[in-house]
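Have a look at this one before I ask anything.
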Amino acid sequence: MPFVNIKLTTGVSTEQKQELIAGVTDLLVRVLNKNPASTHVVIEEIDPENWGIRGESVARLRQRKEPGVSGS
Amino acid sequence: MPFVNIKLTTGVSTEQKQELIAGVTDLLVRVLNKNPASTHVVIEEIDPENWGIRGESVARLRQRKEPGVSGS
Amino acid sequence: MPFVNIKLTTGVSTEQKQELIAGVTDLLVRVLNKNPASTHVVIEEIDPENWGIRGESVARLRQRKEPGVSGS
Amino acid sequence: MPFVNIKLTTGVSTEQKQELIAGVTDLLVRVLNKNPASTHVVIEEIDPENWGIRGESVARLRQRKEPGVSGS
Amino acid sequence: MPFVNIKLTTGVSTEQKQELIAGVTDLLVRVLNKNPASTHVVIEEIDPENWGIRGESVARLRQRKEPGVSGS
Amino acid sequence: MPFVNIKLTTGVSTEQKQELIAGVTDLLVRVLNKNPASTHVVIEEIDPENWGIRGESVARLRQRKEPGVSGS
């Protein structure tokens, strides 16, 4: 039953996505005894221009090399 | 008022999307007497690499031709 | 795989919810040949005070008996 | 804490996205005294073919130049 | 068309919700020339026990009077 | 940046929610080197009557003691 939606900015590798999917599923099995066959994990990659924090897009903050917004 | 969000993996044709939009709207009119003019249906197509089930991405499961993950 | 999220205002009966779940699932089976066992439908009922349209909450619009916002 | 998700159809410029991010953040600071550093705004641009209203996709309604569906 | 979803922790008054609905709608009219009649704003209030930041629930952080997590 | 939304049926204890929040945050730190201070995890508990699978609500499936739908 659980449906887990992970929104983060673009720049995640195929291997990292697989690690996130496996890690979230294992966590739900361990903590809630969930069935992996009905545990859905969906990763949504957002363009840094479309993600705002501190009133500005992450794209602009990164252009100015502001701390705390590198990576995805 | 109703807002319906349909998440599924990529590979849906234009005609199929139109069928889903019409079908969901008709259902909400029939069951809840909703106004089609304020019934929103948004379809989000997810890359199979970004959708996890059974602890693995659908992309990997399809590569191994696992049952139950074909199509979108 | 499909995950369908239906947001609407409160006031939906148990039977109506069951009709929506069955109707959406049948639609996805018919249009996309989906497997009902991995087709999830989640209904979220929103307080009319928390749903805004025309710049006002549905609760206020209904108090003034504005057209087009009755029901759920 | 607030997480604001704005779904609209494609066709929004970089400047408009920045205006939306700044405007929503300012609103949450003014009304709820929120901290901009923990106020997230995510804009999701939807293909007009994937957004349905009145039982039809926005793409089809725009092709027929129907009123009320221009822009994003 | 725009659908705006605002998730924040519980503790928002009726007046504040109305201000958020009006403010977001005005912003979308001003920046994107949107039609208020098809601009939906949905506020979802989350129990502080169900919202995690810094690896802990907001409820626990507030119990310890940690900075930056007061209010909603 | 990451925003993780976990939807599951009601019946999760306070301790289990805290475990999920901590576990998801640790996973994002380990896999993507994320900053816990900007990693949000929101748990949404859904009434079994509002969650459909196999074309029926989980509430009905549980009443008939169908396999694979116990717990949350």
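Per-chain residue numbering starts at 1, and chain names A, B, C, D, E and F are given in the order in which the chains are listed.
The working rule: a contact is a pair of C-beta atoms (placed from the backbone, for glycine too) under 8 Å apart; a residue touches a chain by one contact, two chains touch by 3 or more.
Note that the coordinates shown come from a computational prediction; the quantities given were computed from them, not determined experimentally.
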item	value
A-F or A-B, whichever has more C-beta pairs in contact	A-F
Recurring contact interface, reference B-C, options E-F, A-F or C-E [over half identical by residue number]	A-F
Distance between the centres, which are taken as Cα means, of chain E and chain A, whole angstrom	21
Mean-CA-position distance for chain E and chain B (Å)	27
Distance from chain E to chain D - Cα centre to Cα centre, in angstrom	15
Numbers and ranges of chain B residues touching at least 2 other chains	1, 3, 7, 20, 24, 37-38, 40, 42, 44, 51, 53
Contact footprint of chain B on chain C as seen in their complex	1-9, 12, 16, 19-20, 23-24, 27-28, 30-35, 37-38, 51, 53, 58, 68-69, 71-72
Contact footprint of chain A on chain D as seen in their complex	14, 17-18, 20-22, 24-26, 36-37, 39-45
Chain A-touching residues of chain B, taken from the complex the two chains share	7, 44, 46, 49-57, 60
Contact footprint of chain F on chain D as seen in their complex	1, 3, 38, 40, 42
